[in-house]
Structures are given as C-alpha cells and as structure tokens.
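For reference, the structure I am asking about is given below.
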Amino acid sequence: MRLKASTHITLKSKTRAAFTAILRPQSGEGQWIVSESYDVRPLIEPREYVDVFGNLVQRFVMPAGQVDVRVEAVVATPDTIATAPEAPYTPPEELPHDVLQFLVPSRYCPSDMMAARAREIAGGARPGYAQVEAIRSWIEHNIEYRRGTSDESTSGLDTLQGGAGVCRDFAHVGISLCRGLLIPARMVVGYLHKLAPPMDQHAWFEAFVGGRWYTFDATQKEPRGGRIVIAYGRDAADVAITTPFGPIEVANMDVAIERID
Amino acid sequence: MRLKASTHITLKSKTRAAFTAILRPQSGEGQWIVSESYDVRPLIEPREYVDVFGNLVQRFVMPAGQVDVRVEAVVATPDTIATAPEAPYTPPEELPHDVLQFLVPSRYCPSDMMAARAREIAGGARPGYAQVEAIRSWIEHNIEYRRGTSDESTSGLDTLQGGAGVCRDFAHVGISLCRGLLIPARMVVGYLHKLAPPMDQHAWFEAFVGGRWYTFDATQKEPRGGRIVIAYGRDAADVAITTPFGPIEVANMDVAIERID
Amino acid sequence: MRLKASTHITLKSKTRAAFTAILRPQSGEGQWIVSESYDVRPLIEPREYVDVFGNLVQRFVMPAGQVDVRVEAVVATPDTIATAPEAPYTPPEELPHDVLQFLVPSRYCPSDMMAARAREIAGGARPGYAQVEAIRSWIEHNIEYRRGTSDESTSGLDTLQGGAGVCRDFAHVGISLCRGLLIPARMVVGYLHKLAPPMDQHAWFEAFVGGRWYTFDATQKEPRGGRIVIAYGRDAADVAITTPFGPIEVANMDVAIERID
Amino acid sequence: MRLKASTHITLKSKTRAAFTAILRPQSGEGQWIVSESYDVRPLIEPREYVDVFGNLVQRFVMPAGQVDVRVEAVVATPDTIATAPEAPYTPPEELPHDVLQFLVPSRYCPSDMMAARAREIAGGARPGYAQVEAIRSWIEHNIEYRRGTSDESTSGLDTLQGGAGVCRDFAHVGISLCRGLLIPARMVVGYLHKLAPPMDQHAWFEAFVGGRWYTFDATQKEPRGGRIVIAYGRDAADVAITTPFGPIEVANMDVAIERID
C-alpha cells in the first residue's frame, strides 16, 4: 500500500543549542520512499549522516527561539508482514556478523537480568519464531497498555515488574526476553497505519529467527502491515526522534498517517 | 539558494532485466534536501543501498516493456563555492585514510601515465590549490568543449591527446592531472544551475588541498555555486546515472533545474 | 616502550557451543602491533570480523571438551598518555558524527539517571578536560577498589551508590558521569604495564574533549602510559573478552605483561 | 595446512617521504592468522586503517635513508580450493550490494572494451562457473607467461593484445573478460605455496558465481590450495604491496613460503 505519513515538531529553546533528529525513513529492501519533504524553519545549519545502525541522523543547531520541523513521506510498503510459525532458532554460530550486536544487553533491555523470566514465559515453545511469538503474546496479555506509567528512564525490566507501559516499553520487554533466549532482537521506530488514537510515532521490535528478521508488535492483536520504518537500534536510546543538547523543549508534536492508494 | 532539479528517464527493454541508478541526492555537510520524489512506474522491486563512496544506489528489475523514472528534488545549496588560492598542498602523510583511494589511477583517469604532463602544466604553480587551478584553467583554455568527440570508453588520457570532449571528459583530465601531482581528486556528478543548454546532468571534480575538498569545474569560466551533488566516485565508472544489466535502452532523458527562492 | 602481553584462557563446555572473543589488539594511530600470535587448540572453525566500534571479534565453535586460547602480542606503545588540563569542552555541534553515539546511555552507564550527580561532582570545574579529571579524581578518592563487590549485572549507578568496585566499575562510573555532562565517553579494555597484582586485563575510559579522545583511569593515582588497547565500546557489554553462547565455562585465565626494550 | 610466509622489503629514499603498504593478511572466513610479526626498522610513525575493500593498509613516513620492513605470518589455510563446475550464473539482481562494484571497469581491467572478446572466448560455455573456467583455461593456453613483457601501466587489454605477461597481467585479463560477461570479478594478492621460482608474492582472481566467490588462477594448470590472501581489490591499483609518495625506491624484496605442519 501507499501511505502518507507526517510528523510536525515544534522546538523551543532559550539559548542557541544543538539537537539531532531521526525523522527520515529510507528506501531499502522492504519499503520505497516515493516522495519526501523535510522542512526546517528556519533552516539552521543542517547536516546529515548515517549512524552505525544505518539510520539517517539529522543534526541541527537552533538559535534561541522556535524551530519547526515538518517531515512528510509517501512510502510504498507491504500490506502485510511476514510470519513464519515454523521458522527455527538460528544458532549463534550461524548469525551474520552484524546481527551479533543485537544479543547484548543495552540501556533499556537488561537481558542479562531477564533470562530466567524468558525461559519461564517461552521455554516451552519450539525454539525460534514460536518462542518470539510466545513472548509477544505474553506481553500482549500480561502487560497493560497505559500512558503515564513509564518515563524516559523506564527499562524493560521495570515494565516487566510494573506490569504496564506504552509501545516503547512493550518493545523493550520483548527485546529483553528474546535476548535472554539468545535470540537477537532490535528496536524499530516508525509509523503504523491505523494505530489506535491518539496518533503518534510507534515502536515495535524485530527478532532474528530462521535466518532473517521478522516483525513483532505486542501492542497489536494480529500481525499487521502498513508500517514505515524510520530507525533501528538496540533500544530506545539509539532511536530517539529528537535528542536535545541544551535547554530545548518539545513544545508540540503532531503525527499523521493515511493511506493514499 | 533553493533549487528544484528533476530528471526523467524512460527505459525500454525487450526482456526482463536489472538496472541500477544513482539519482537521489543526499543531505550532508554542504547541501540539504528539502523535498524529494522518486517515482518509478511501474514500481518494480525497488531496493536501495549505500555504496563504498557513500552514494545512494537504487536497484531495480524491469519487466519487458517501458519504465519511467522521475526524480525531483528541492535542495538548499550554497550560492557560491569556496575558493582558496593560498591553500597549500596536503602531503600524503596528512591525508585522511578515506582520501587515499583518490590518489590511485582508475579506469578513465590513468594518472600513472599522465604525471609528466601534469608537471608541465602545473609544475610552476605553488603546490596545492594553485596547481589545481592551473590545471583547471589549462583545460578550460586548451580542451575544446564539443559533443560527439568522445564516448563511454574515452579516458582522460584520450581527451588530453584528442583535445576535445564534454564535461565528463574535462573532469577526467582534471582528476588525472591532479593525481599525477599526488593531489587526491574525485569525480562529482550532479546538477548545475544555469548550465549552458541543452540542460543535462553535469560532471565536475573536486581536489583535496589545504586539508579539505574544493570544487573545480573546467567547463566554467568562473567559480560558480548553485550545484547539487548526486554522487562521488573515482571516475565516471563509479557514478553512472543508470547502469543496465541487459538489453535496456535509454529511450529518453530530460533534465531540468530552476531556482525557486 | 615495547610491551609483550599475553592472555591464556581455558574454556570448557559439556556440549558443542559457540563463543566470541575480543582478544586481538590492532595497529592504529596510537599503537603498533610488532608481532602477535593467536593460538587456539584445537583450531575450531575460526572466523573474524570488525564490529561497529572497529574492534576485531573472533568467532569460534567449540566441541564438547576443552579449548585453549593463547594470545600474545608485542606492541610498541607510548610511555606516557597525553594530558591537557586546558582542553575545552567540545560542544555537541562540533563532535564528529561517529562520536555522538558515546553520549547516549548504555546498559552499564545509565547516564540519564546520573546527570544531577555529575553536576554536583564536576559542575564547579572548567568545562572540558578539567571536568573529566574532576570526575576521575572523585572516583579515585571516593570509590573503594574492592574485589567481590560487583558482578556482571552491576552498573555505574549501582557502583556510585554502593561505593566500591573494580576497574570495570570505576570506568562505568566515569563514563556515566561524563555523559551526564554531555561529554562523550567510551570504555576501553586492554593491558596496563605494572598494573597492581594480580595481573589481569584492565579497563579504563576515554573522554572526548578539546576535539579528541583522552585517556582517564580512576584506578591510578597518576596518568600512566604503557597501555595496549584491545577494544573500545559503549560499556562492558560491547567489549567482553569472551562471550559464551551455551554452557561454556572459563576454567582458567592467565594474563601477563612485561617490558621488553 | 599451516604455511609460514614472509616478505622482506628494503626501501631507500633520498628525502623524508610517506608510503603505504598492504602486507598484513587478516583472519576471516577462509584463513586464520596463527601468528604474525610486522617489524619495521626504524619504526617510523606507523598507522593502520581498513580500506573500502576491507584490507588492512599500513601507513608510514620514512626519513631519508633506508627502511626495512619484515613481515612474517603463520596461517592456517585450506589445502584445496573449492571448485563448482555446475555453479550457475548469478544474475545481477541477485548479487549482494557490495559485489556490484566488481562489475565496473577499472584502471587495468577496461572490461567495457573487452566484452565482445569475452563472448568469443566463453560464450559457448554454460553461464556461470563454466564460463569463468573457460576464460581461465583460455588464458592459461593462449597467454604466455614471460617476465619483462609488461610494466606498471599494462592493462588486461594490453596483455590480451600482446599475448604475454606475468601473474598480475593474467589476473587482469581474467577479471576483464569476466566483467565483460557481467560476472563480478576481483583481484587477489597473496602467497601461493609451491609457486614456481623465483618466489614472489602472487596475484590471481576470484569470480562471483553460484552465489559466492570462487578462486581462479590462470598461471596454474590445476586448482590449487595453499593460498594466503593479503588483499582484495578491483585490480592491481587497489592492492599495491607498497605505494611510495616520493622518491622511494624498492632496493630489495625477498619472499618466502613454506609448509610447517
């Protein structure tokens, strides 16, 4: 399907200050950027680079005052996501080199402390895709989606213990539990068509089984396509929509997504 | 300035065949992509990757028949290019690691065979920027710009001997002569505002002196900004707008560029 | 000086199992590997790749039984480390692209939770090198070096609160506090000549101020050279000497280092 | 088998001058560096980096006078090379991204000018491995191995026309003809056990068919293992053993290789 997605962020700062943003989706194997605009007003010393995960990162220096960032993209993306209940566990020795980094614990996914819990939840499932689905399903049914229960310091372990969170937290729990079973897992940030309101950017996770990455989303009852990937990372620390270096405040953020074909 | 540039290519093939394209400019240190569209009809298994020079390369597989590729970008780019007549030669031991590759001879820039000529042309100039400018100026005044004198197999050495060529050939001569003086030089393909008609994509070169890359264009009488970079490479072999793998013919190509601010 | 350093690790496993190791120092800007051996007995399907931090990672699959890994390197390395009390803070907008990743919180360096403490400890110092030195010195005088107080799950926050740890923990505290002040900091694992016994591999940290990385070691009273770097990372999660994927046990590990010139 | 290979190069220069070397083999999928030494006397500002082909490149600045570089490596490497007469042609759309660069013409492999000849020589063979073997065999039987017939400016086209050359030229012809058939091909420099005297470093080529790289050597009557790879590149321009930037002369070079198991 073709989706038109947009994000409008208004930033305010009392002083000149730098920030980075990760707001530009890229064409790749799974999605094609048909058109795109990235409008920054005022246009403030913009630069862009590719980070170690392959994400495009935009760097800015804003003056004291207000900056408006409006990003819009039309993207051709699959209607459905691949599922593979039979996909087997990929043993570590068969993982591609660049996948190994998604086995190690990270800031919000302290998988070293969650391995026992992962075995309780998914140990009975067939190694591979079925284990990841068992984890995803467990989160869907056992963690409550509730805004205001978590903040920027909340880890997947905190959420597992607290029992509630938002999409980002659901992803962190899923990633942590997968890594606890030695299944590589990574964070994805992007857009999801028909996400329950209020519309916002969304987070989910991917796990590497059967020799490739598969998409999992514990906030949804069923596998759903209509996704636009903006960024991949170990966890939320790597894929922040904006990272301020100074007294910058996000005064407003609007996200919209619609189907256009 | 803000430039709107577009390229429309029509490809025809008698059989299913793959091709690659390098048509998407990127934001970076020197230019900012405000908006962009990349429309391929029919939309044929598109994929994209970053090559070793940092260029975005689009990969397609076209069916028998016709494919239309329309790329349009609005880009904020400097009105002028930096010049630095005093910039000194950067000795090889001070070159960044990733610049060294632009010292070696390449398909269209057999600099190993042109070092003596380089010393004749620019040996009297002050080492560094002044030598590159001496080379650029020599080409401007001694190589005739004439279509139909060169083809896809013409090297910078051929052009130096033949005395005529087009922008691509001018760049190859410039790059070859620079490398002959141990000055790193690379090919640039992109758009130039107010290029003399007929409008087309353009090629020029950059040389590394005084610790950074500077822009040189032997087809122009004066240093001019209003450039949009699409790709960098060792020579034309690395930065072909389209590379067909099969019986694909470019049936039509239109390029346009205008200032919009 | 020339140092000869060696590590001998004996691994035991009840089943066939994969593991990775990071044991091969590399030549680079600051050290030169004069000679090296990497003997694995039995030699078990070895492979090697470069990770996102530039480290060489060795991958193995061991059979049930025992594997001996003996690594020895003769390395030319500086007698002293650079210090620069006057080096100023490098503002985020001037950081090289690849340094930005060392500002974000990581598994063992939850800097997002330690910024207030960082300001208490180093807020009075001059921004830049002096702040990092204030942090280093504070750790040296306020965290007790004591084995057995920490384990593989201990973060820099845990150590700050607990008041004791080993070299790895000291580095985690230092890195976390630096990042809390928006100073990029990274973990280093390697060898240190004349480390207090028992001899082992060592960990310290680097901070990016004044436009480059500087070495800091809170376990030492004075800046000391005689270091061999094996690996860089965000924290200990990235630079584990060995990472077992299965029931592998480190049965023995001996480290030695001596000066040979 | 385990091979011990060594190269000893003596360089002389009348002035201070920089040079690079590619002399350090790396562990990877196919070979394991058991031990290695890289002795440079005097030890002159050494640095090392990884180039775009993954090769380790050593950078030096020598004083006026003489420098001795002695490199020795013990390497575990396969006794035989893989052959696959049935391996099919890999169509361009199935090539990995990083293989595409080995389809374009390069300094010594002007494949754009040799496609017709490639079809004459190998057009009758089954697409894929058999074509490459047809090319290799044709070179073995039609190009004479003779020292002194080529120099540093000789391309694969020159050798095809001249009918004689050395290992480097044989590889250039093979690579050029493969690319002329849209088969990716790359240059390899390294050691070959039992190479006919006088012992020297050796060059051969690899072609990508059947989804992977295979080794081909037109200087040998039969497929032979016992190889140590030092460097990969598009052609000889990328993999020079030493590249002088200044009045540096190779006063002596000795190469040795022996089996030690």
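Chains: A, B, C and D, in written order; residue numbering restarts at 1 for each.
FYI, a residue touches a chain if its C-beta (ideal position, glycine included) is under 8 Å from a C-beta of that chain, and two chains touch if they have at least 3 such contacts.
Bear in mind the structure is a predicted one, so any value in this text is a computation, not a measurement.
Over half of the residue numbers at the subunit A-subunit C interface are used by both copies of the sequence.
Work out the mean CA point of subunit C and of subunit D, and you get 37 Å between them.
For the pair subunit B and subunit D, the distance between mean C-alpha positions equals 29 Å. In this assembly, the C-alpha centroid of subunit A lies 43 Å from the C-alpha centroid of subunit D.
Subunit B has residues 49 in contact with two or more other chains. Taken together, the chains touch in the following pairs: A-B, A-C, B-D, C-D.
Within the complex, the subunit A residues that touch subunit C are 18, 20, 45, 49, 51-52, 57, 59, 61, 91-93, 97-98, 100-101, 103-107, 109-110, 112-113, 152-153, 182, 237-238, 243, 245-246. Those residues of subunit B that touch subunit A in the complex are listed here as 26-29, 32-40, 43, 46-50, 54, 56, 58, 74, 76.
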